[in-house]
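Look at the two complexes coming up: subunit A is in both, with subunit B in one and subunit C in the other.
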Partner chain A sequence: MEFAIFLQQLANGLVNGMTYVLIATGLTLVFGVLRIINFAHGEFYMLGAYLTYYAVSLTGMDYLMAAAVATLLVAAIGVLANQFFFWPLRREHEFTILLSSLGLALLMSNGGEVLFGADPKYVSSPFADEIAEFGPVIITQQRVLILLAAAVVLAGVYLLIRYSTLGKMMRATAQNPEGAALSGVNIRWVHIYTFVIACGLAALAGALVGPTAMIFPTVGNWAVLKGFIVVVMGGLGSVTGALIGGLLLGVVESLAGGYISLGFMEAIGYAIIIAVLLWRPQGLFSTARAR
Partner chain B sequence: MFERRTVLTAALASCLAVATGGLALAQDKAPVRIAAIAPLSGPGAFDGQLAVEGMKAMAALINDKGGVLGGRKIELITYDDKGTPEEGVSAAKRAIDQDDVDLVVGGWFSAVALSMKEVTRDRIINVMTSSQHPKVTEEGHKYLFRLNATSNMMSERYSKFICDKMGIKSIAFITVNDDYGRLEVENYRKLLGQCGIEVLGNEFYNKTDTDFTTALTKLRSLKPDAIYVSAINTSQGATIYRQIRQTGYKGTIIASAGNMNPKLVELSGKALEGVYSVSLFAPDSENPMLQQWMKQYKSMFSNEPSFIGSLGAQAVEVLAGAVDEAGSARDYDKIAAALKGHPWKTLLGEITFTDKGQAMQNIYLIQVKDGQIVSAGS
Partner chain C sequence: MSARLGRPLQLLGLLLVLVLPLLTGNAYLQHLLVLWLLYALLALSLNVIVGYLGELSFGHAAFFGIGAYTSAILAVDWGLPPGFGLIASGLVAAAFGVAIGYVSLRIVGPQFAILTLGFGAILHTVTNYWVDVTRGPMGISSIPPMSLGPDWLTVEDARGYYYLVLAFLAAFAYACHALKRSRTGRAFEALRENAPLAASLGVDVFRNKLLGFVVATAVAGVAGSLYGHYIRVITPDMMGLQYVAALIIMVIVGGRGTIAGPIVGAAVYVGLLELLREAGSLRLVIFAALLTLSVVFLPGGLVSLVRRTRVSAEAQQGEGR
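The block that comes next holds the complex of A and B.
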């Protein structure tokens, strides 16, 4: 019986961890490629959840379809955010960009409160209350969907970065933006594509996690916080680091919450950040890069 | 040149006259200003919105009947306490020091009420609303009143019902990690223990948590007959009720006292069907004042009237009555004496205030049936 509970907590942790990975991958990409610390990242998560909600409740669209539509719409909004906030500031100091993104985050979450209302909403999904049993482990179909969809999408993103021309352009920009530009890489498009991928991933996370809890306009704060913990853990800019860091955080949280104390669960993320910054500031899974 | 100056002076003088005249006129009918301090952002934002809407509907009813003190309107000034003690304190300070309000209504969450009362201590009439922590009034002050029943009062009534009618032998709790939640667990451990219900465990969650599966997995593994959910905000509450069923728990769910509202029922779906709670507000009550307020509320807002809104309304209602009786919105000794002086007929029935400012209210047992909150005996 004890072992069954352990497996259950492990499964809970893996699912939560997978959503952290989805959120953190976009955050780490935007930093790694464009050197932008984007505090507004969580708001794209919030938008993803809300657009899914409205697509389902207003147009009566199928949940999976709605999630896809929301992801694409938010990716498009990401293009706008880049166009009006980040691209014009690309030559400014990193702090200017950081503050500008913080402003964008406040604008979006308060705007969301006005636009969507403060009342919590529920994204209804046909999988949310259906239970799947794997031996002693009980898990909703929605959570299985989170695991599968995230795995497929993340594998896609990884392959894209590794093998496609776009991916090579992104990596070139990450290594040296000016050198990349000189050898013919269109930095502007790299900016746009990076934001499309990052915002799309955040929105997908929102659309998938939406049905497991209630959504409210400030839910993005939570998302960006978890994202940052994972990114610091895995190493800023490292996609593999985000994957391992996210899953690890999810599992550690749920095991610590399950076996030590739940009050400890939230603190553990911060404790990890402090420990990592003290002993391995470049992140657990990243090789230090010269700047 | 000379001419222009006279014209200018004359114009200035007339301007001044209009301004002072206008001021004097405004002074005649200056509104009675009540600070409405509530959580308007963050996870508690929706509850704060319901609270303020309830207050606005009651203020509109009173203003339509001519206001208070012979024609002064009631004006509500809203402040956001974000559900945190620090912001609550700063909101109360702003209301008193900068905006010079006449009366303060606040304290929706216990943690906020407990620190806010120190700002208002002996300075201004402060009606605390939904907070349930006994210390709010036990360690209150001469101008402090609290409407909601304390968690002690609620839990005594509720535990009797749980012991007698629910037929459970063991129970586990999931509670919010703050003053209110810790007290709830302490109370029910004692009260339910007395009638032989075994308390198997408790899990505290944080106010910002959005996922409860870890805690619920732990509770489910204890195999309790019932899980008692103490959730003060709608958003977390609905998530917990759904996730209890999603983690495969099939036993009885008990909802904490005073935290049942139509939105919660809507959001929780079938996870809340048949679940009991206790409340001061039974929407199917026949009290004419309640009916009037509910009608007004529905004409002004799109949300369903809720318990939390009705408490806000009650705060405005008793304050208006007491201000009228005292003949002033600033003579706090008289207003306090009026409130404690006799029973008050309100939209939630007749209430009296103790010497410490604690309201004694009717407590109803309610249940969710076919997606509606109905009373199940009082």
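The block that comes next holds the complex of A and C.
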């Protein structure tokens, strides 16, 4: 019985962790490839959740279809954000970019409050109330969907980065933008594709998590915070770090919530990170500069 | 020219700040003035990290909260005099500053910013959930007014708080001014501009950064204590991202690295927040736009405008001759 509870907590933690990985992978890609800290990353998560909500409730679209449409739309919005915001600032100091992305984040979350209203909303999904049993572990089908969709999409992104020409261009840009440009890599397209992938992943996370929790316009703050914490723990710029860090945070939070205290769940998760950082200040798989 | 005109201008400004609360009997306006000075003190402390050390801290509101909670808990639960809490809040915030600075100052640049954001989030979450000590989201209410001992040294009204906070602000502003000319101030400047070069000249980069960080956090703690005793109610919200963003807006829009900048920035923030009250949620959109525009087009902040016009005026005069 005890063991069954442990398995249940582990499963819940893995599902939560998977959403963290979805959020953090985009964040770490944008930093690793383009050296941009995108404070507005969480807002794309928020947009993903809201667009899914409106697609379902206004057009009566099927939930899965709505999630896909929302993801694509937000990826397109990511292209716009890059076009009008990050691309023109690319030669500025990193603090300028960081601060203006903070401006963009405030702009989007408060703009969201004006557009969508401050009251929380629920995304309805046919999978939210159905359960699936795996031996002693019982989880909702929505959470199974989160796990599966995230695994498939993330595997796709890893393969893309590892083997495709685009992935090679991205890695070349990450190592040395000037060198990449000199050898014929179109940096502009690398910028655009990276934002498409990053914003798409964040939106997908929002669309998937939407039915399991309330959504509100400031939910992006939560998302970007989780993303940052995972990324700092895993090492800023490392995709593997985002995967390990995200799953670790999800599982630790879930176990701490189950065995110690539900209220302190998040704080204990953060405490683990401090422990990791005391040991490795630059994160587990880091590319960070030491002092 | 600028010195001849600048000095009386500064004196006039000082005089204005001194008599400002006497000019209005309106309690609400006086309240806004106190808020302005509190934010100014807080922004000036953040400015030590952002302007002098050249690092962005996204966790500064947490130290503000630590100060406020320390002072409030000591006064409400332990029944200690608020004057004691004022000192304790600075010390406790500094202790947290040492611990957090010691871990995060090993990393520079954007990573440092994110790390401080994470620490701020931890402190915020703990404050929110540690109900036994902090009373959770309900916050602590009926905090006694600030008092330095006997009854006649108890500050009750907004005017009193104005002068109390002004004294702290003036002392800290003077300290910042003195710091800039001191050996430590020059070390800060050197490590901000080029840390490896500063290290090669014998500046202990890590220790100097830690020193600046801890001073900033201690002052934020004191500001938190003053805030708590003035407002009388504190909630974990004061450690949230909204406050972090607000503080950064004040420092950047006002002008980082200067003394007048954060004070002006705080005035702009408090003033605009009131003027735009009608606009509701839109006002934060306006602040966001202000931040972005300022970062991109006016990196020196509003204060640099004055310098710019002064320089161009001098240039014109020079040509005229």
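The rule is short, and it goes like this: the second predicted complex is superposed on the first by the 282 of 291 C-alpha atoms of A that agree within 3 Å, B and C clash if a C-alpha of one lies under 4 Å from a C-alpha of the other, contacts with A are read in each partner's own complex, and residues count from 1 in each chain.
Please note the rule applied: a contact is a pair of C-beta atoms (placed from the backbone, for glycine too) under 8 Å apart; a residue touches a chain by one contact, two chains touch by 3 or more.
These numbers come from a predicted model, not from an experiment.
A.B. asks: Quick one: on subunit A, after the overlay, do subunit B and subunit C clash, or do they fit? Just give me the call.
C.D. replies: Aligned through their shared chain, the two binders clash on subunit A.
A.B. asks: Looking at the overlay, what does A:266 touch: subunit B (first), subunit C (second), both, or neither?
C.D. replies: both
A.B. asks: Now for A:182: first (subunit B), second (subunit C), both, or neither, which partner does it touch?
C.D. replies: neither
A.B. asks: According to the stated criteria, A:113 is in contact with first (subunit B), second (subunit C), both, or neither; which is it?
C.D. replies: After superposing on A, A:113 lies in contact with both subunit B and subunit C.
A.B. asks: Once the shared chain is lined up, is A:58 touching subunit B (first), subunit C (second), both, or neither of them?
C.D. replies: neither
A.B. asks: Touching A:274, do we find subunit B (first), subunit C (second), both, or neither?
C.D. replies: Only subunit C; A:274 stays clear of subunit B.
A.B. asks: Show me the subunit A residues, by the header's touch rule, that subunit B contacts in one structure and subunit C contacts in the other.
C.D. replies: Shared contact residues on subunit A (touching subunit B in one complex, subunit C in the other): 110, 113, 118, 261, 263, 266.
A.B. asks: Flag every residue of subunit C that touches subunit A in the complex, lowest number first.
C.D. replies: Going by the criterion above, the answer is residues 56, 103-111, 113-115, 117-119, 121-122, 125-126, 129-131, 195, 205-206, 241, 245, 248, 252, 280-282, 284-285, 287-289, 291-292, 295-296, 299.
A.B. asks: What does subunit A use to touch subunit B in their complex?
C.D. replies: The touching residues are 1, 4-5, 8-9, 12-13, 16, 110, 113, 117-122, 128-129, 131, 133, 138, 140, 212-214, 216-219, 222, 253-254, 257-258, 261-263, 265-266.
A.B. asks: Which positions of subunit B touch subunit A when the two form their complex?
C.D. replies: Residues of subunit B touching subunit A: 40-43, 45-46, 48-49, 177, 203-206, 208-211, 213-215, 217-218, 221, 234-236, 238-239, 242-243, 245-248, 263, 267, 269-271, 303.
A.B. asks: Which of the residues in subunit A come into contact with subunit C in the complex?
C.D. replies: 31, 37, 89, 92, 94-96, 98-100, 102-107, 110-111, 113-114, 118, 221, 225, 228-229, 231-232, 236, 261, 263-264, 266-267, 270-271, 273-274, 277-278, 281-282, 288-291
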